[in-house]
Amino acid sequence: MSTNIKKIGVLTSGGDAPGMNAAIRAVARTCAYHQIECVGIYRGYQGLIEGDFEDLSARSVRNIINRGGTFLKSARSQEFKTKEGRAKAHEQLIKNQIDALVLIGGDGTFTGGMLFNEEYNFPIIGIPGTIDNDIDGTMYTLGYDTALNTVVDAIDRIRDTASSHDRLFFIEVMGRDCGHIALNAGLGAGAEEILIPEANRGLEQLLESLERSRNTGKSSSIVVVAEGDKTGKSVFQLAEYVEENLPNYDIRVSVLGHMQRGGAPTCFDRVLASRMGVKAVESLMEGKSNYMVGMIKDEIVITPIVDAIKGKSSVDSDLMRVCEIMST
Amino acid sequence: MSTNIKKIGVLTSGGDAPGMNAAIRAVARTCAYHQIECVGIYRGYQGLIEGDFEDLSARSVRNIINRGGTFLKSARSQEFKTKEGRAKAHEQLIKNQIDALVLIGGDGTFTGGMLFNEEYNFPIIGIPGTIDNDIDGTMYTLGYDTALNTVVDAIDRIRDTASSHDRLFFIEVMGRDCGHIALNAGLGAGAEEILIPEANRGLEQLLESLERSRNTGKSSSIVVVAEGDKTGKSVFQLAEYVEENLPNYDIRVSVLGHMQRGGAPTCFDRVLASRMGVKAVESLMEGKSNYMVGMIKDEIVITPIVDAIKGKSSVDSDLMRVCEIMST
Amino acid sequence: MSTNIKKIGVLTSGGDAPGMNAAIRAVARTCAYHQIECVGIYRGYQGLIEGDFEDLSARSVRNIINRGGTFLKSARSQEFKTKEGRAKAHEQLIKNQIDALVLIGGDGTFTGGMLFNEEYNFPIIGIPGTIDNDIDGTMYTLGYDTALNTVVDAIDRIRDTASSHDRLFFIEVMGRDCGHIALNAGLGAGAEEILIPEANRGLEQLLESLERSRNTGKSSSIVVVAEGDKTGKSVFQLAEYVEENLPNYDIRVSVLGHMQRGGAPTCFDRVLASRMGVKAVESLMEGKSNYMVGMIKDEIVITPIVDAIKGKSSVDSDLMRVCEIMST
Amino acid sequence: MSTNIKKIGVLTSGGDAPGMNAAIRAVARTCAYHQIECVGIYRGYQGLIEGDFEDLSARSVRNIINRGGTFLKSARSQEFKTKEGRAKAHEQLIKNQIDALVLIGGDGTFTGGMLFNEEYNFPIIGIPGTIDNDIDGTMYTLGYDTALNTVVDAIDRIRDTASSHDRLFFIEVMGRDCGHIALNAGLGAGAEEILIPEANRGLEQLLESLERSRNTGKSSSIVVVAEGDKTGKSVFQLAEYVEENLPNYDIRVSVLGHMQRGGAPTCFDRVLASRMGVKAVESLMEGKSNYMVGMIKDEIVITPIVDAIKGKSSVDSDLMRVCEIMST
């Protein structure tokens, strides 16, 4: 592999996700393996502008593969959205002789990176890190598998109390505009109903379905609601509506919230992060730029960033059918 | 141990708690050990009124020691609050030749049981099962230790994302009018501030403390708020107030909710449940009635129920001092 | 979907794996959805021979999606290996009007099923359930993802004590002749060395590598050893050899053992089980027989069983390279 | 509180245990609270001899309350067992103006500390940190509650596979000469038999008990064996003996090993560590020396070290009776 890359910077930006630390470690170790210097950039693009850097050796990233969050921290940078901000960022890179950037984050991160690449022709490559799994160009984003397990574990717990009291629970899960977490964790947790933005069925159908479910002998039920779902104005209003229209239900609401973003990454996310980190560095070494690393059909591949962020990854209709059959 | 008890009924009532199944198992096995029949009563006092019973052998309670919730289910019974309801309950007991009852639940459960005992002189004994730990006569209620660990695990996860983004989190935890969960889990999770009803410090002091904490270099903070705490009208209004009065804080709120009630019980709760179940059955065999089993000073003891429910178990002031020192 | 299938039997056989219960549930619910009867067969082929059957309704499989093991139990049957045994099995199927079988298990299970199909032209379809992931025709077997996480969690714990004492640990993990668990969990746990049967490097190279690792400043190390690996005669002899040849190492051995087979399945395994169960039933309905369901390139597909069991699924050489880079 | 203590050193020694980091944090924060300097000493007594010290501020111990192991590391020091070694240690303390020591560890740690105190009249106080719970003067040592939960979780997993295959498992757990872990975790995991050194019942009685258990319909069984138990020469020989004498049992052995020492501490251990850390520092400030902090009858107290290490904490006979009843 011939290359002119001598120093690579790595940053995390946007919402944090389990596996980001594992990816930073993989970038640092791959650099060390190829005798490239590696620089960690704190607080995403804001730290890039401010020159908040630290050298990362192979040893300095030990004991972080199992940590949630990102030790490089993340932040939103208004300044990087301005031409002046990006100019400062470029100066910092030049001053520190950094030849290329690995950007770990979501679509906002990549949009910023692409713009920066356009303006300065600076080599960048993206690693998709977000629990929402809402990025094209990969079947799995970092943190998604961990979040699924966190959600399933929480719903398993709620199921204990729902069953003990014959209750109907509405559980809101994360995922922004995207129903991946709701659909997969709902299926995994054996939810009776799953409401996602990609397949809004309307209130009437929900009532009918709950009624039918009760008639077949289900005494307790779990309805998983994606945060982006619009069946009700909010999960609380949705629950109120059902309460008014389906008498004799003992209803509770739970919003799982930010605990979904943390925790030790699963094995899947750690392995994925390691593979993506290697691919990111070696792609830069091969002279590739403006790509995002992803896993498609069980292989680690790269996709032009512009394709990765243009569409929302869509929900598998086959999976929705499986959910329907499982709630028979 | 001489005794006239030939058949014991067991029920769970009020909010469910991890360890209830382990306690039912212990009651059933202790009965089997002493060649007493054991009857499970479904849905608490309501099932008692309706005669919703099932014989429990030593084998029928296998593989439940590790299950959250209660397989006998729990329910609130308006009917049992009436004289007529309790009369029906008594008839069911006579008809089924049940000689005594083990009641697993909280203060509402025990109040009902005590009334029933007064009216019919029917032998009862209580086992404290509630995550809130708000009962006198025991240092630990069933489910409390499990709930503490569930909360600490959730806050550990939130800490990951709080640290990554330098955020201030307000996290509401359960406990009804009682600050035990907030205080212990807050201490265990390394929370910077803990707000409990037993020691309301007021909004001004909270602001000062957060300000001071930021000045000493803490970039992210966790404030644990007991659900019964009245510092703000709600945790959301509390967060809003702080947001308005402490500029430049990135604030989030998380209400942990019903996941705190479920999950496999910890070893502590399983052992406690086993010991309490043995003590409950053997106390009835010794002719004791109207007592609650508890653990005080590392020993399993019984206390008159009237003493167990009269006061709220108070929060350890020594522990509050430890919290203050830890958030130095 | 036109079909003559009116009743389907389902059994689990061979080593149990997390996700088997979720697969049984999926088979039962898919049958209910298509108004096909479903019969659970206890203790694998032995229960088939003995007619140890139970009707499975959609409701009878509730609350099992999150349970490890298999409630239908598993057993090895010598009798089914004989012509007479299989004849009895066939009689039971005819007597009970069962039209097709779903076999959940590993290659031994499928070999038996294929033989039975040959002899009686009886419709069968396989679902791969084994933690070892050693079956062709699928990228993931049921239970594999759960086992990986169990192993990673155990190694994370061992890492705590290894780091505290600057120790070198040899950790044996399951996987029979196959290195999948060792390779993926080793990578996920950040192991310094991974020994698998597919890539035996020899004792000398291990010593060199450990020596080099110590020289670069690693004070503690984890060596993950697949149970099928032949670098040493056993993991204990391997550790002894290293102890004799690398002075001043404080060495410990841990054999993780059967805890790797149990536990609540991960979300991945639950979703996979649900999808495979649907596919299995619907493939039988379409008249397919002698196939195994699998997931290849992110899609649920079927493969002739003869192809699924002929080879061992091989280990990804790309992944081995990632491991090497990560232990830089 | 008047005191002449201006600087306190803290070290961890002997086997590591979850909660040690939380205790170090508590010591450092309590020092900061009282404006005392705090010094961390690496690698136990060996680091004390070598002067391997680091200042610990309130901030430097953040984010460690939830980490297993000990970041100060632990080591056995032959040198400290010599007069010369202890002289060097004393010189280091004088040179660094350290006025007192907090020693976190087990009986070996305390024996060394007591000797040092005798020779140099140097103020020391102990915090009991060991998973074995084998120290007098406290009902609970740090790490014990965490280890119990790790063991129970592992046995829950093994139970899944034991039940699926109707197997008999022998599971060896830690605890050195002491049966606390075996007894409590065995009870918590619902083990059919528990073998501990404090109550050796002999092989014949074990066989009888297993036979009886099988006759009452138990198809699978778990026997928990304390590592110090001498019923068999080893758990493997014990299993072989049973296999030879009880035909038709499908027997497996699992040695849980070092994973029992690691993992995030439970809430109980974190709270205990925090309270003990405060008590240790404040006791030194009050001029106390040669004591160990402990929790007895729900209160944090101090006991002369000489009493804490003289006897082994004995196993509760009431608890053994509960175990017997539960395996009815």
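Order of writing sets the chain letters: A, B, C and D. Residues in each chain are counted from 1.
Going forward, a residue touches a chain if its C-beta (ideal position, glycine included) is under 8 Å from a C-beta of that chain, and two chains touch if they have at least 3 such contacts.
Heads up on the chains, UniProt names are A, B, C, D = ATP-dependent 6-phosphofructokinase.
Keep in mind the model is a prediction, meaning the values are calculated, not measured.
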- request: Kindly list the shared contact partners of chain C and chain D, in label order.
  value: none
Message: Nearest whole angstrom, what separates the Cα centre of chain B from the Cα centre of chain C?
response: 39
- prompt: Roughly how many whole angstrom separate the Cα centroids of chain B and chain D?
  reply: 28
Where chain C touches two or more other chains at once, by residue number: 156, 159, 163
- prompt: Which word fits the touch map of the chains here: line, ring, star, complete or other?
  reply: ring
Field: In contact (per the touch rule at the top): chain pairs
entry: A-B, A-C, B-D, C-D
Task: Could you pull out which chain C residues touch chain A in their complex?
output: 25-26, 29-30, 32-33, 58-59, 62-63, 65-66, 139, 145, 148-149, 151-152, 156, 159, 163, 184-185, 187-190, 216-218, 264, 266-268, 270-271, 274-275, 278, 296-298, 300, 318-319, 321-322, 325-326, 328
Statement: Counting only contacts in the complex, chain D reaches chain C at residues 12, 15-16, 18, 20, 67-70, 73-75, 150, 154, 156-166, 169, 252-263
